[in-house]
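Each of the next two complexes has subunit A plus one other chain: subunit B in the first, subunit C in the second.
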Partner chain A sequence: MTSSVGSTTGAAPTAVAGTARATAAPPPRSGRSALRRQERWAGWLFVLPALAILLIFLIVPIGFAFYISLTRWDGLSSPFGGGAKFVGLDNYKNLITVDNLTRQNFATSIRNNVYFVLFVVPLQTGLALGLAVLLNNKFLKGRSFFRTAFFFPSVTSSIATTLVFLFLFSGGGAVNSLLNVVGIRGPNWTADSRGVFHQVLRVFGVTSPPGWTQHQFFNLSWWDWLSGPSIALTVIIILVVWTTSGTFMLMFLAGLQNINEEVLEASEVDGATSWQRFRMVTPMLRPTLILVLTLGLISTWQVFDQIYLTGNNPATITPAYLSYSQSFRNSAFGIGAAIAFLLFGLIIVLAALQRRLVGSGEDD
Partner chain B sequence: MTAHDYTPPWRRGLGYLGLILFGLIFIGPFLIQLATSFKTDADAANNSLSLIPHPVSYDAWKRIFGFTDNAGIPFGRWLTNSIIVATLITLGRVFIDSLAGYALARLRFPGRQGVFWSILAVLAVPGAVLLIPRFLVLKELTLFNTYPGMVLPIIADAAGIFLMRQFFLGIPQTMEEAARIDGAGVFRTYWTVILPLARPGLITLTILSFQGSWNEFQLFLVATSDPKYNTLTTGLAKFSSGQLGSGTQYPLTLGAALLSTVPVAIVFFAFQRHFIGGQLSAAVKG
Partner chain C sequence: MIRRTRAPLALVAGVGLMLAAACGGGDSGFDSGSGSNTGGGATSGVKLTMLIGSSGDAETKAVTSASTAWAQKGGNTVTVTPAKDLVQELTQALSGGSPPDIFYVDASKFAGLVKGGALAAYGDQLPNKDDFYPNLLESFTSDGKVYCAPKDFSTLALEINTDLWKKAGLTEADYPQTWDQLETVAKKLTTGGVTGLVMSDTLDRVNVFMRQAGGSLLNSDNTAFTADSPENLAGLQYVQKLAKEGALKWPKQVDAGWGGEALGKNKAAMTIEGNWIVGGVKNDYPNLKYTVVPLPKGAQQATLSFTNCWGVAAKSKNQAAAVDLVKYLTSTDQQLAFSKAFGVMPSVKSAAAQFAQQFPAQKAFVDGAAYAAGPTSLPGFDQVQKDFDAKIIGLSDGSSDPKAMLVALQKNGTAALKAAN
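Now for the complex of A and B:
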């Protein structure tokens, strides 16, 4: 096939090929228009496999799933042969307006994820920037070794790293052994559903919820909303910061390398302190910073693998996990799909909002 | 290049202190993982921080490799499945993504802009939203619990297409024109001229595809329920979240987890440049 295509269109130009190349003259018109015609269908032929896969396994299924979110379906019968009962927007209403356990779980998952985002995004961004600045110090030897070490967790499987962290943070695990050395008795991390903010308040003598926090909002009391991440979720926060910082560090390193060396050297001659130079560099890193924050915000709202391994625990569930467990564990695919679409909407809104807020700095 | 080349010793010391501290934080967990896999269950639970197993036990590794009557885990099956699936996905992606990337970079065809924007839109779809859609379509196509069901949904990926498009845009057009003047059609130009020039890009795509499909978890979780299709990721995850009816056998699970990361680790250390380049170009798309 390849050769026949080549020979039919090639018949005319071949004769002049030698001279054309030597003089770098444009190819004869007839050959060029034949090529143009060939390109028209070859282009579609080249993208066809990719388009077919994305259409069949991504775009159309998202449409299916939206339909499922409007039904009650158990995942067993065929959803399009009458197995799924059409219920309109009931699943969405159940999640948002109806006072029941489903809404309570959904609210809990949202609370968990909000705290997850609030902690992970600044921590991973800060750590990544710090590591990049550290590695950018030309006077240090062995920088490429350490760059490799910091980046390595990012390329390994989320399942494998989560298993390691669940072990490190187990009751008698390495982290508690370390804390023991300095005389602190660590909690049974992964099983501890107490909120971190609640624990901090305890230190200041607030041991029971004040009256005003008893009011319910979306089936959770304000006291529960303000709990902070659970101690169990803190483990996942540390784990995710540890696995993602390496990737973001590389982005910051690339950003730092684009900054004019002379500017920095001049400032050093002028006697600027490290902190002053750091302050000077940060605005120049703005495009990278925006990129890292956006990627961080989008990915932290999707945390799933790590949550799956901690089990079905209200202290750690997130919307992505709840969507899965409602569908595949409780056979409530309608509710599960509705959660997925609410999450989808939320991510789109947040990404658009962020683009709007900081978009002006993004024109390179 | 004179005065400011001098760095005071305290700054130097502080720099190395930072490097070593963070080096320990980033690599320490892997060292503990390795040490734990040679411990007994009791030793792992009681001396979890120790890097020296006492006594040294090969029990976990014997169970991983099936050299014991005490039934361990079907590691061989998980490994085989991971190899089969990751190989097929990688080969598929290299072929399909590079074709599409080339067409989007170089071939002029009606609707090209539309196709390009659709692929960018697909990139923006959050993965966590795809759990139910993928299960649905595999069930409808009767691909649930099959190898094709584990491979086809991710055999083309928008990020890979984008990566290849960027790469092809960077190859000088004169090479193609010379080939075409010589009478080669679009296909022959692609196979004989473009692909050999695109080798660095193809290597990057191969590595990222292998890493992605080897570590893939969510698709395999919703595409299969039969344990015989478990890969290293789904097998380990189901085993340790208690579905296969086991306790917390840390030396066994951590040993298996360690072994499952070895292939990606080897590829990573051998082709680190490509990982870094790939990460950065993947970032540009965001």
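Now for the complex of A and C:
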């Protein structure tokens, strides 16, 4: 490989020199290809800074992280000097096939995140679309005010909004005070690890897990898998829906404004109700919808800030957070990196699946 | 076209990898696990770096000025950096190959650092080695070698909100000496918005009762877990009994972050914390009146100790100077100066009398040193403890079963121990 690289670089100066002469003289027949070669090299030269940045900050770290995921490294010494012991796929095995606490935590984090995605993605997409349709109404007064108001949470630091939510939802916080007024004693939201589905079942008289749910699957019983998001996670779901729907609203708004006004006006003249118009518009928003769903899916699988701030609670841990805590808190960088790659694979599979289900909006 | 584009890419990739290799190559002489070679480097004209997990400005200032005083004597300089997150920053510095010369080491992280070859074992060079509390030295001993000098320590004791105590019609004679008495007063103190006892829902508190019942997490030479024992079960069942009676609550249940806050907000009549509570409540609840008494006795007297040591990096080029600085910082006089500045308890016995004289209210913390046990120091124990801690709150409503909790602790702990060896 080095020799081929060497010969390519060696060829470059002659090519440059050759074309320099070629431009001075009237172009011979070979001049065009020389020029093209020169342009090619100039092109590479121009993208070199960007490429170098991509390589140094993206490709190399990813490759390095993958290498770490194949080692047992405690992070206390340089991984190059024998500090990281190569263990092959042991970390991945630990997460998937070995019955231990690590797998239990991983399974819990996957369960939490599945519920998180199932709730956040439809809710934020629906809310964003609804807001966008409202704001797209020409006759709405103070449109720019509402646009700013809805978009504001998206541009606020996630740390700040999370802290505000933590205060609002603390045991004696504003939300519980409000609930008190109507006579409801609110739970200690952010610390409550009880599953929402379990609580709903409790209303119907199912207070203890039925026998068939006692089978274990990946260190969690089916009862635990079917718990629904914990009450603590529900707070984060509300928070994330609130903060991100503003961004997606803007995307829908842009999509709506791309739709030919005449079509809508014509339908109005024909006496279509606003609901009918909305239904007519929606298919035209398909490319935007796919973008929003895909971005939503990816970002919800990577949720970290909000989890980090609400503390290390098994009821809220997600794979991204687990990757961090395994690395820096448990000194198991190999496991942490392996989680990151499993998450990466999961996101790719799910994004592809979603593309298949919703369609890409154009022919592939 | 595709073939053409690959060559420059490969070139850049090659350069990138070489760069990465060069960055990491600087410490190829690293040998894992040998942290014992100490005593290199000059002792004057040296530049030392120190990373501390500071509790606040007072601590940073005190450590900086003490280090500067030492540095000026020998013509050295010391740069003290307070870390935002000590564990994370230290890990980054160590993996980068250029750790600070001196840093705080928490006893629970000690074993991992020794195993990673990060610490120099300089314990034998300490002139006052015998002056340190033996159980603190034990927290920083591995394979018979004392690695680092305990910086300071605290033990857990019982803090009582004296106003609430009096309001409940209790006197000094009622300070609980036994589990039964603790239960009685806790129940008596629990009225309306006040809970008798509030303590953090962590193994670092609950373990007190397991120890007092005669149990322990690991056997004496740390080779096997003994978490699933009848003694530990008795301790945990006692905790559950109090919790079910409502006499014991966890900070989250009374809307507090920790025991000190619950005590300061008059939500708790008693809590179990270490002497950090003194500084912790001084600013936030200046009107709080409280007394510190020793923990009541179960089958035996027991408490937990928490301590840090002055770690010296195995890779430091200035170990001799670093050890010299540690000797200065751990001297009896300097430790008493630190006590005055930010309230920590000296790690040497020779300072105990003076400390107790200066801070009579904290006598219970010092006395605990005689029967305290250190924390579990085992790489990978962090997630085991987190798993246990998460279940503690469930003791109150019975959703967590003490026996099952101990079985899981035993299983997960054993796995961590196996993975660490």
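Note that the second predicted complex is superposed on the first by the 310 of 364 C-alpha atoms of A that agree within 3 Å, B and C clash if a C-alpha of one lies under 4 Å from a C-alpha of the other, contacts with A are read in each partner's own complex, and residues count from 1 in each chain.
Here is the rule we use: a contact is a pair of C-beta atoms (placed from the backbone, for glycine too) under 8 Å apart; a residue touches a chain by one contact, two chains touch by 3 or more.
Predicted model only: the values in this text are computed from it and were never measured.
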item: First, second, both or neither for A:Thr102, with subunit B first and subunit C second; value: second
item: Which of subunit B and subunit C A:Ile184 touches, first, second, both or neither; value: neither
item: Which of subunit B and subunit C A:Leu131 touches, first, second, both or neither; value: first
item: Contacts of A:Phe64 with subunit B and subunit C, given as first, second, both or neither; value: both
item: Touching partner for A:Phe152 - first (subunit B), second (subunit C), both, neither; value: first
item: Partner chain in contact with A:Val200 - subunit B first, subunit C second, else both or neither; value: neither
item: Touched partner set for A:Ile298, first subunit B, second subunit C, both or neither; value: first
item: Which superposed partner A:Leu353 touches (first subunit B, second subunit C, both, neither); value: neither
item: If touched residues of subunit A are counted for subunit B and for subunit C, the larger one; value: B
item: Residues of subunit A at both interfaces, subunit B in one complex, subunit C in the other; value: 1-2, 5, 8-9, 40, 44, 51, 56, 59-60, 64, 75, 78-80, 170, 172, 328
item: Residue ranges of subunit B touching subunit A (in the complex, touch as defined); value: 3-4, 7, 11-12, 15-16, 18-19, 22-23, 25-27, 29-30, 32-33, 36, 44-49, 95-97, 99-100, 102-104, 107-112, 115, 118-119, 122, 124-137, 140, 152-156, 158, 161, 177-178, 180-188, 191, 211, 214-215, 217-218, 221-222, 232-233, 236-237, 240-242, 248, 250, 253-254, 257-258, 260-261, 264-265, 268-269, 272, 275-276, 279-280, 283, 286
item: Contacting residues of subunit C [partner subunit A, same complex]; value: 4, 7-14, 16-17, 19-21, 24-25, 27-32, 87-88, 91-92, 94-97, 112-113, 115-118, 252-255, 379-380, 382-384, 386-387, 390, 393, 411-412, 415-416
item: Parts of subunit A lying in touch with subunit C, wherever the complex brings them together; value: 1-2, 4-5, 8-9, 40, 44, 48, 51-52, 55-56, 59-60, 64, 74-83, 100-102, 104-105, 170-172, 188, 191, 193, 312-315, 325-326, 328-332
item: Residue numbers on subunit A that touch subunit B, as the complex places them; value: 1-3, 5-11, 13-14, 17, 20-21, 27, 31, 35-36, 38-44, 46-47, 49-51, 53-54, 56-62, 64-65, 68, 75, 78-80, 131, 134, 137, 139-140, 142-143, 146, 148-161, 163-168, 170, 172-174, 177-178, 242, 246-247, 250-251, 254, 265, 268-269, 274, 291, 294-295, 298, 301-305, 308-309, 311, 320, 323-324, 327-328, 333, 336-337, 340-341, 343-344, 347-348, 351
